[in-house]
Every structure is written in C-alpha cells, then in structure tokens.
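These are the structures, in structure tokens.
Look at the two complexes coming up: subunit A is in both, with subunit B in one and subunit C in the other.
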Partner chain A sequence: MEGWDPNTKSTLTQIPLLTVKAGPRDGGAWTQRLKEEYKAMIAYTQMNKSNDNDWFRISAANPEGTRWTGKCWYVHNLLKYEFDLQFDIPVTYPATAPEIELPQLDGKTQKMYRGGKICLTVHFKPLWAKNCPRFGIAHALCLGLAPWLAAEVPILVDSGMIKHKDDAASSTET
Partner chain B sequence: MEVELKEMLDELESLKGSLPDPPNASIDKLQLHIKRLTDLAKSAPVRRSKLKDMSAEVVDSNPYSRLMALQRMGIVENYERIREYSVAIVGIGGVGSVAAEMLTRCGIGRLLLYDYDKVELANMNRLFFRPEQVGMTKTDAAVQTLQDINPDVVLESYTLNITTVQGFETFMSSLRNKTFRLEKEGSGVDLVLSCVDNYEARMVVNQACNELNQTWMESGVSEDAVSGHIQLLIPGETACFACAPPLVVASGVDERTLKREGVCAASLPTTMGVVAGLLVQNTLKFLLKFGHVSPYLGYNSLKDYFPTMEMRPNPQCSNGACLERQKEYLLAKPARDAAKAKMEAETLSAAEGPLHADNEWNISVVDNSEIDVKAAASSDTLPVGLTRELPSADEYPKLPATGPADMSVDDLEELKKQLEALNAD
Partner chain C sequence: MDDELLELQRQFESAQQAKSSIRLSERNVVELVQKLHELQIIDFDLLHTVSGKEYITPEQLRYEMVSEVEKLGRVSLIDLADSTGVDLYHVEKQAEYAVADNPGLMLIQGEIISQHYWDSVAEEINERLQECSQISLAELATQLHVGVELLTSILKPRLGTMVKGRLEGGQLYTPAYVARVSAMVRGAARGITVPTNLSALWSSLQHLLQEMDGASGIAVEGSFFQALFNGQVKEGQLLGSLRAGVYWTPTVFAGAQKECIDSFFSQNSFINYEMLNKLGISQPVQFLQSRYPDGLALVNAFAHPSLTEMVNAAVEDAIERGSWIDSLSVLPTSFGSQDASKILSHCQSLQSALKSQKAFIFGDSYVFSHTFVKDVYDRIEKEMESFNVSGSTGMGLSDDISSRNNDRVSHDSSTSVEANDSPSESSGKHAMEKGSRKKRGKASGNTKTVIVEGTSDNQDYVPAKSKKNQKKSKDTSSLHVSEVKSGARKDPRSQEESLNVPSEEWVVQQIMTLFPDWEEQGIDDPHTILRPLANHLRPMLINSLKEKRKALLTENADKMKRILDDLQRKVDEAFLNLQLYEKALELFDDDQSTSVVLHRHLLRTSAAYIADTLFINLDIYNKVKSGLEVENSQNSELVSLSPGERIDLAKTFRGSMSKKALAVAEVLEGKRIETFMVALRDFAEESGIVLKKLDKKLERTLLHSYRKDLMSQVSAETDPVSLLPKVVSLLYIQFHNKALQAPGRAISVAVLRLKDKLDESAYKILTDYQAATVTLLALVSAATGDEQDCSSDRITTKREFLEGLMPQLKGIVLTPSQP
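Our next item is the complex of A and B:
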C-alpha cells in the first residue's frame, strides 16, 4: 500500500472485510458472499456520504447479483463528469476481480481495454490478489475505479476527449 | 466478372465491324486488354473439395504430401491420426488466430474457436486478419479464412465471453460435446489452448479444465511485447494455473527504465508468431506423440533466452477442483507405475540384438538427451529469468466471529433495500 494517499488508506480500513470465499456458481455460499458484499457497499456508501465524497451509485442488475450497473462521477475544475458504470462478477470470483467497465469512454483513452474495461493491472490487481477473498466490490471501486478516475478524467478533459454535458449541449445548440 | 468481360469483348467486336474502314488500332488494343483481364479473372480463388483420406503421394496437388513425409522420415509414427483430434482455442487474437491457422494447415480434425471481440484496424500489426475483415467478429472472420485454407477441418465458432456465468456454461457444454468422436474417453476435445490476453480469462479456462479433467496449454505474450511463454497443464499432475501466482519472463532490462505510462499493451507480430509457433509445436508433439512435450517454455526476445521448468501441483491450492484432481492422481499411482514398468520391459526386449550386422564406418549413436536434474520446483525456487506476476494471497486468521454490528441484518432483500435507499438520496 505504499504510495497510496492517506485518505484512501483510512477509507479502506473502514470498509468491512469479507470472509466467504465463494463465486456465482457456488449456490448458497454465493448468497452468503452477496450479503457481505452488500454490507461492505452500504458501509462504503454511507462513509462517502458523511465525508461529502459521494461518487458512485451501483445496484445489482439481475436477481443472482452477477451483473451490476450504475453511475460514477468525478469533479474536475468544479465541474461534474458522470459516466455509466457496469461489470459482471466473473465465474472465478473472488480469485479474480470484477473487470470494471465505463462503456462511454471506450476508445477515448489508452488506459483501457476493449469494451471500456479500465486498466487495473499495475495499481490494483496485485492488491486484489494479495487480499483474496477479503476484498469485495466496494474495495474494487475504492482502490480500482476511484484512482483511475482521478488520474484519467483530468487528462481526458484537458485534452478535449470528453466535454462537460453543459458545454456539449451549448455547442450543439449554436 | 468473366461474363461481363465476355460481353464487353463482343460489343467491341460489333463496334469494330460497324465502323467505316480502316480497322481502328485503339480498338485492337482495348480487345487485348480485355483478354488479359479475362485471364486474370479466371485465376481468381478456386476452393478445393474435401478430401476423404490424407495421401502421402508426392504431387503438387496434394495438400498433405509434406506432412505425411514426416511419417516416412520417422518423426511421426501415424500422422493421419491428426484428423481424429479436436482442439479448442480460447481467444482468437494475435496468438490464437495464428495457432488456428497452423493447426488448420496441419489438417487437424476439428477446431473450436472462442472469442467475443471484433476485428479492428488496430489488430493489423499482428498476423492472420485482413483489413477487409474489420468489423466482423474474430470467430466469423477466422472461420471464413480457415475454411478456404483447408475445407477438411471441422470448424465450430463460439462468439461469447467465457468469464460470465452464461458464457461459462456454454463453454463447458461445448467442451463436453462428443458428437465428433463418440468413442472418445473424457471430454469431447483432446486439448484446450488458452490464447487469451488476461489473467481473468486464464483463470476461467483453468477452472473449466480442472472440472473436466482436461489437459490444456497456456500461452501468453507480455504487455511490453518482448517476452512470452507456453505452459502445459495436466490437472492433478502438474501445477494448475491457480496453484501459484502466474510466472512471467523477466524482460532482462532494468524494470525502472520501462515506460508504462499511458499505454496498457504493446504487441509485435514477431513475438506473437514465435509464441504461436512454440504453442502449436508443443501441441503437435503432444497429440502425435513425438519428441519431448515441454511443461514450461519461456521466451525472452531481448536476450534470446528460453527458460524451462517443471511445476508440481500445490497441495494447498485455492482451487477445489484442482485438489480433487490431485487426489485422483495420487490414487492412480500404482496403476501408472505398473504400466510404466511394462512399457520399459517391452522396449528392452525390442532393443535386443544388433540393429545392423556390420558397421563398416564405426558409427555409433550417442545419447545426448541429458536428463534435467533440476528438481521440479513447487512454487518458491524459480529458474533465472522468471518472476511472479502477482503476489500470493496473504494468510489471514479465520474470522474471530463477526462483530456484533454485522449481526444486525442478515437478510439479502433487506440489504438490497438498504443500498437502494442510500442510492436514492
């Protein structure tokens, strides 16, 4: 965890760790895991709200809890940039992390794989491997997506690859 | 096209006839051009028909003559057996597509192709796909090309993502399907080749093969495009992909000088072609039973260094199916030993008596197959030039019972509602 900012570190320690090592093909054990995932996400969302750092919405897109969709946003120069967020829970979960996708940014940055999957290789995958099965979706958002947004959104905005929705609207009107 | 050209020629002929004398030289020239074009059109691709048997006859028109020659040269005992074999290739990218073409040209019986991606112009720095295939799914484009190259190969394509729950089920049932060769033992395929570009998909192939007790080979090219590896995985007998963090061939240059900023992957047709070649060579040796099948072969292109090693399974592997296969393998040991002893006895009796009565030139055969004394490393000791890509999972204490705060709610629906309530704000 060297090199992480103290804020992320202290947030991370407050997200409840998970204990059940089970994936979507493990029946009842997966239900237990899913409960732990919810508890961790609830705790993380509450924490973000009380710290005035609310930055995502996520909910299960199917009853099995294997597909998740939602939104995430990042504030840069006092403007809020919002993106669709989605991912599947892989069959080998939690041995492998979910591959977080921001489909609207597909093809706009090199730090992304086909289909809008964000690149997590260097900053996140080793941490996930080391902490299996204690990390869950909430940890993936906190340690995977949040730093990615913080690094990439400013570059995308400054290089003109993405525009704020107000700018985009006004430029199409004129 | 030929018909159009013919009509054009006829029209020119009548035009020439209708014109007042003298015969126009430029019309003659035009006619010559059209005749040449007609010849060109005639040489356009013709598809050969399917062949029932692999012939060893050495004629220009036999697509298998050079392969069957392997038999005559004593490299392979029975080449034609290749038509009985099914190989599944997961990931039809820079390595997988080339591996598929190689196996198709070798006359493999059946190929199963898996990929969810489409062909893009950004793929053109690698082999196999052509610019006019941009936009097609990689599986469709591959089938299009491979069918033309060798219509004898049975091709099955699956456009899906194997890491999703649904994709995985289809993947498993397609591997189990035995309609190609009903009498085959075990699954419906002889070998699975993993040619994917990420850890997640490799772990999924590992999961499927451990559950099916299916031998498979792993391949990979590093993100900096200068090294790669292939690995043979036999469930229960060798380390599975989850037994230890994956190995990578160290680039051999100072890691700090590598610029990672800004890019997630580079690729070269050369490195990928080399790795595909190594992979299919190992596949042919495995299927047709010749030479030594490598358990692990690395390739460092900066130093042209090829590390090899063997890996035994980890008795504490985190993969349940791997542990089951390990148990089965241990139980089958007496039978294996007996079979081995019998084979050795047979080869011994066959070797008796001189091969040649006279030896005018005093030629002797020297054994140079130095047996690797290197002890098969289980996890910790690695040969020079290999490193682990990811750390191992930390040991963690079995929970000292969940805290009282955790016990408050333990109903999934209730938890869902709580999260939705938070989301609604």
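Our next item is the complex of A and C:
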C-alpha cells in the first residue's frame, strides 16, 4: 500500500469491500455487483461529507450502469477548480480497472493519455489486481483520481494551463 | 429494473446532494482570531494555552487561579501553570495581580498562600503544641517548607489567640511549660549557696528536662533559662548579684563570706590570702585593703597593725637584752620569712636600731642585736686565733687551714657532744645537717660558697676527716698511707680555689659549738639563722686571717724549696753511682745469665733506692705544697718501699706524672737497667728534677772516691762473708776501672773473670775463700732453727777458717794497689 499518503490509505480502508465478482455481461450477477458498488459509493460519499472533503458528483449515465458521468473539483488557494468526469466499465471488469477520463484537461498535461484518460501511478495496477473482486468504483476514485487531482491541479494552475472560471470570465471581459 | 438498485441509486443521489458538514481547520481558526484582533473586534488580551489549542482571557486565568488557591489554600505557581495549561510567565503575572487585588493572599517563594491556610496551620500547630508543650520553630518551618522568619511573622499575630503559647528563642512553649521551667530555674537558683557559673547550672537543668521529657524533649536553650532567671532576679524572687552576665553570687554566700573573714580577722588579727581564696575571693589583697584600710598587706597574709606592734615590742626587748630573736617565732605559723621581713620593715624600734647599727636582720626574719653579734665575732676570732697559734707551733708545718679547721671542728664538736651527753644522736645530726646544708647552699647558687665544689668532694670530705681523727689518736703507718692518699686526692681543687679561707660551714659550726643553746630554743634548723650570721661574720674573719696567711705562705715556700734541693742532691749522688755501676755491667754482657743476675741486683738496690727516694720526697713535696702536714720527712731516707707501696704512691701523683711514676715502678720489676734509666729520666723530667750525666772526669773522681771508700771498708771489714764482695769489687776497680755491684750469686762468675788478671797464688786464695764462703752460707741457711745442732759448730769452724783467710785476702787487694 506504499505510494499513497496516509490520508488516502486510511480513507481507502474505510470504504466497504465488494464481494461479487461479475462484469457487465454477467446479467443478474452484475446487478448484484452494481448494488454493492452503490453501497460502497454511498459509504465513501458520506465519509467525504462528514470530513468536509466532498470532491465529486457522479451518476450512472445508462440503466445498465456501464457508463458513468459527473463532476470533480479541487480547491487550490481558496479557489475551486471543477472538471467534467466520465468513464466506462470495461467488459473484463472487475479484473480490469475502469479508465477515468477528464476530457477538459485533454492535452493540457503530460500525465494523461489521449482522450483525457489519467495516468495512474505504477502502484495502482498491482494493488487493484491483488484486490480483484473486492475493489470497486469507489476504490478506483479514491486511489486513482483523488491523488491525481491533488498532484496535478496545483501544477496546472501555477503553469497557467488552467484558469479559474471567475478569472477566465474576467479575463474574457477585459 | 431492480427496486433495490433504484433505491440504492436514489440513496446515492441523496447522499451526494446532502450538505457536507463545514469544518474549519485550526489554522483557519487561528487566522480568524488574528483577523478579529486586527479588526478590533476583540479588543482585549487573549492568552493561549501551552498546547496552543485554546485561548483564554487573563480574567478567566486569574479566576481559575484564585479558585484553585481557595480550594487548596496553598498552591505553587508551577502547579498552577500545569493545571491551567498556561505559560508560567502569564501565571506569575496574573498571580501578582491576584495577590495585589486580594489581601487574603500572599505570594511567597513561588507559592500563593491564603490566610485560611495559615489559620489552619496555626490550628495544627496549636494542637501539636498542646500535645508536646514545646515545639521548635525551625522544625515547623522545615515541615511547612517555609522560612523561620516567615513562620514567626505568621505566628506572631496568632499567638495567644489561635496558638496558645509563648515564643522564646525560636521555640514555642505552652504557658504551663514556661511556668514549670521557671519554677525549676527558681528552685535551682535558690538552692545555690556558693558562687556559680550560671551556664553550668543551665546545662544541668537542660539535662534534667531532657530526662523528664524523654527522647521527644527538645533541647531548651540556655538563653531561655537566662531570660526567666533575669526576670526573677528583677522581680526580687532571687537574691544575689550577677557578674559578667553569668557569674551568680547569692546574697547568702556573700554574707557568709564577709562574716567568716570578719570573725577570723578580729580573732587572729591576721588572715591568710589562701583562706580568702578558699572562700572564693579571687583578689584578696584588694578586697582586704578596701575593707580594712589600716591593715598591712603582706606576701601570704594580711595583718592587723596590732601584730606589727607585737613584733615591734619583741624586737625591742631582744635588742635591749643584747640577744637575738626570730620574728617568725612571734608570728603565726602560717607566716613566711618574706612576711616577717615585711613586718619587720614596719617596726619603728627596729628601723631606728638598724639606722644606729644596733641591730642586724639576717635571713629575712632574724633580728640580732649588735652586742650579740659582736660577742659571737669576738669569740670565734679568739677561737680561730688560738687554734692558728697551736697549729703552727705544734706541728711545725704550715697546713691547709680549711682542713685543719675541719679537724678542729670535728674535734670540738665531739668534745661538746660529750659534754651534752647524747653523743651518737647529735653528732649524727650534725653530720646530716651539714650534708644537707651544703647541698642547699649549692642549689641556691650562693656565690660566696667557696669550699663546696661538687658532690664527689662533699662525699670524701667526711671520711677524710674521720681518718684524720683516728690518726690523731693512734699513728700507724698504714693509716698514714691512706691518709696521704685521701688528702692528695682531695687537695688539688680545694686548695687552689679556697685559698684557705674559713668556710661558711666552719663558721656555722663554730657558732654552734660556742653557743650550743640554739637547739634548745626550739629552732628546727639552726642553719637557717646561722648561715646568714656566718656570712656576716666571715668577711671579718677572713680579714683577720689574711695577715696570718701571708706569713704562712712564705714559710711554706721555704719548706718546699728545701725539700726540692735536698731531693736533687740525693738523686744526683745516687744517680751518678747508678751510672757508674751500670758501666761495670758491660763487662758481663757476653755472659747472659750473669748479666741478668747483675742487672736485677742493680735494679733491686741502687735503682730502687733512687726511685724510692724520688717517690717519697716528691710525695712529701706535694703534701707540703698543698699544705698537708708531714710528720717526719727525715725518716723517708731510710724507708724502702715494697713494689705494691711504690705503685700506690705512684698513683697518688697528678696526671702524666702518675703515669710516668707507674712506669718507673714497673720497670723496677724488670731485668734491664737501661729501661729503668729511660723511665727514670722521663719521670724526673716530668717532676722537675735534673739528672746529671756521667762524664769522664766525674767518673774518675767518683771511681777514685769509691775505691778509697772500698779500701777503707775492706781494711775495716771484720765479717768474713761481707768481705768477699767488697774485695771482688775492689779488684774490679783495680783491673777494669769499673765499679761492680755484684750479688752473692754473681760473685763466683766475677771471681772466675779475674783469673787471668791475678797471679796464681792470689787467685787461689780468692777461689778458696769464695768456696769457703759458699759452704758457710750453705750451712747457715741449712741450720736455721735448731742451734744446738752440730752444724753450728761447723759454722763456727768454717767462720774461723774464713777469718783466718781474711788477712790474705785483704792482702791481695791492698798490696797490689800500693805499687
């Protein structure tokens, strides 16, 4: 579990673990899995709220629950930077982790693949594989996106690649 | 679509929509508070805790501190800082404000203490005090961890109210205890009847208290006792006087002291300082002088004037009677001689008598009237004179006066002793006193002491005297020798240094014998008076002696010179003869045995004669020189000494002379005449006698006279035995020009040597005569004892035969000399 900061780790351990090993094509089993995904995400969200650390909104974009969209944000220097968030559940899920995309930041940073998929740390993949059926979407967000935002947003802001929306508005006005 | 899933979707949605609780970080809060400060919304001081997580206002802090103090009574600031969680600096600052605001609090050594605390402490102390009856403040202070001064200042206002007791010298006492101790002090002080150092008393009281209280008792300070004591003295409960703060003299004692002194002084009209010392008066003289201003302060005692008057009367009486008095005998026994002299100096009659030379004071306390002293002097002088006259005429020799005087003294004392008809006892006493007196005189370093030299002298003093006494009664030769010895040993020093002055002892003895009533007058040691008297008389006596001494000295010198001249003459003669005889011995050098015999003969006869003459005459000379009496110096010519006597005599000589004399005496027993000559020469040199050497001319004249002498002797000789050696000697002079002294044993050899010098017939006569003489002598020696024996007949016939031969023999000698 090395490679993450202590806060992340403690949070991660508090997210309920999943049991059903099923992909989107497994029918009833996937539904069961989806339920568990929801429970885990509810627990995570509540946890974030109680810690005043709410940082994303997410919802299933299709009834099967294979595509998810939403928003995520990060507060830097008392300014809130908000980005669109989207990802698909891969067919081989849960053996393969979902690839989280931030389309607004595509091309703005090196830590990103084509199409706005974020680059995860080298530790992510083995950890995910080791916890194969037990980790879900909530874990992916917690382990993948949260650290990425914390690392990249300040750099992007400082380098001027992204601007706060107020600033952008004011700059456009001026 | 599964309901449950929908439900979950809805739940998730709501969860996401729910308002997240707002949390401010500590940092934000701190910033907020700072902001509020900046904006002057908070316009008072804010303190924060040590942890930095809390803000507190100073008022709150003060309130918390005060409440803590109220609760505990006594809190240290450090504890407060801990309990409030605020920095010590602020706590201290607030503590100062709090104490300044609240008069019931005090800040002492980092502690805030309330008055309530002190009240409770005082109550505790009171409880304990009532239990123990006394507590030391230091102990309390250490228990409470406060200073003694603080505790004292706290307790002072509470004494008598909350603490029922008394504070004294760092101790707390209950009134009951104080009362008890003061009762003890009063009792002890009243019990004292003699002057006492109070600190000793206090220490004993302390001891007592400690015993009463057991181990728990705290040591009571002496100052506490002293304070109680002083109070009681002030109140008049104790009577007496206190000196130097600690020396207490009770009134009772002072009264008794005065009474005692008064009564003694009025009864005896004197008082000893020693007695006052016993009574505890350390400076008796000042005390008595202030008390009896008309008294007389002496060395050992203090006397009333009446005592002086008494002495004065006694002295006056003695002077008028022409007698003497020991003032000590009139005075009390405790008076010393110094006291007596002091009293005497206050006697008016005596002072006037002294001025007019009517009286003398000897040895501090003895007063002699002039008439008495005069009388004594006259009598002693007469005694000395008569004695001197008899000594110089009767003995015909000048003598050591001191020893003569001693003789005289012992003689006199023995006669007086006989008169006293208690001989042994008193004579023993005399001797004893004399000895002791001598030593004392020496110890006191009397410079006038002349005779007393050392203990060795003193010791043989008496025996010598006794021997002289014996000698006087019966004169024997052995005693003569021993007397000579002791005299010789004693004389050298006494003679040189005394110069024949009458010694103190002698004068004392004279006075004793002339006035034998000293002892009857109850004086233990008459010498104490007699010595000063003798000292007084001696210079006069010495003066009178001096003139006589001069005459004696000249006479003595003549005598010595005469003896020496005489001796020189005798020795010269004898020594020349000896040398002559010695030459003759050279003839026999080749014959060893005969030579030895001849040598020894010569040593026995002539040499021994010279040695003896020298010894005896030198001895006489020495004696005369030292003034000893010598009975008959003429006799000594005839005396011949035995080897033992010779050695004894030799030993009496002084120093190296004695050594040389011993050597002479020794070689006399030897075999060689040469060694004797050497020793004799040494000795003579030492003793100042000149030995003349024999020269040719002198030798010839001597030989001639000797020959003549022999010839006349031979012609006159009638005894056949003694004729032979003389004839042989004469023959030797005729043929060899040597004077031979041959003993009987050597005669035959001497005769044999003459063989070739004499003609046949003469030699024949000589040998026959010699043979006949030998047989005669043999017969004589064999016939000792019985005279009726036939041997006597044979002796007479032999003698007649020899007598018949005598003319022939004489003829041999006398005839050849004629041509």
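The definition used in the following text is that the second predicted complex is superposed on the first by the 171 of 174 C-alpha atoms of A that agree within 3 Å, B and C clash if a C-alpha of one lies under 4 Å from a C-alpha of the other, contacts with A are read in each partner's own complex, and residues count from 1 in each chain.
Note that a residue touches a chain if its C-beta (ideal position, glycine included) is under 8 Å from a C-beta of that chain, and two chains touch if they have at least 3 such contacts.
On a predicted model such as this, the values are computed, not experimentally measured, just so you know.
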Clash-or-fit label for the pair subunit B, subunit C on subunit A: clash
Subunit B versus subunit C as contact partner of A:L102, first or second or both or neither: neither
Subunit B versus subunit C as contact partner of A:C72, first or second or both or neither: neither
Contacts of A:L149 with subunit B and subunit C, given as first, second, both or neither: neither
Contacts of A:S50 with subunit B and subunit C, given as first, second, both or neither: second
Dominant contact partner of subunit A by residue count, subunit C or subunit B: B
A:A22 touches, of subunit B and subunit C: first, second, both or neither? neither
Which of subunit B and subunit C A:L141 touches, first, second, both or neither: neither
Candidates 3-11, 75-83 or 435-443 of subunit C: the single one with C-alpha clashes against subunit B: 3-11
Overlap of the subunit B and subunit C footprints on subunit A, listed as residue numbers: 31, 34-35, 38-39, 41-42, 45-46, 49, 57-60
Subunit A to subunit C touching residues, read off their complex: 31, 34-35, 38-39, 41-42, 45-46, 48-54, 57-60, 63
Contact footprint of subunit B on subunit A as seen in their complex: 16, 19, 21, 24-25, 31, 34-35, 38-39, 41-42, 45-46, 49, 57-60, 64, 66, 70, 88-92, 95-97, 99, 110-114, 119, 121-122, 125-126, 129-134
Partner subunit A, residues of subunit C touching it in the complex: 1-2, 4-5, 8-9, 11-13, 15-16, 18-23
Complex contacts: residues of subunit B adjacent to subunit A: 117, 161, 163-165, 168, 198-200, 203-204, 206-207, 223, 242, 245, 260, 262-265, 318-319, 390-394, 396, 399, 402, 406, 409-410, 412, 415-416, 418-420, 422-423, 425
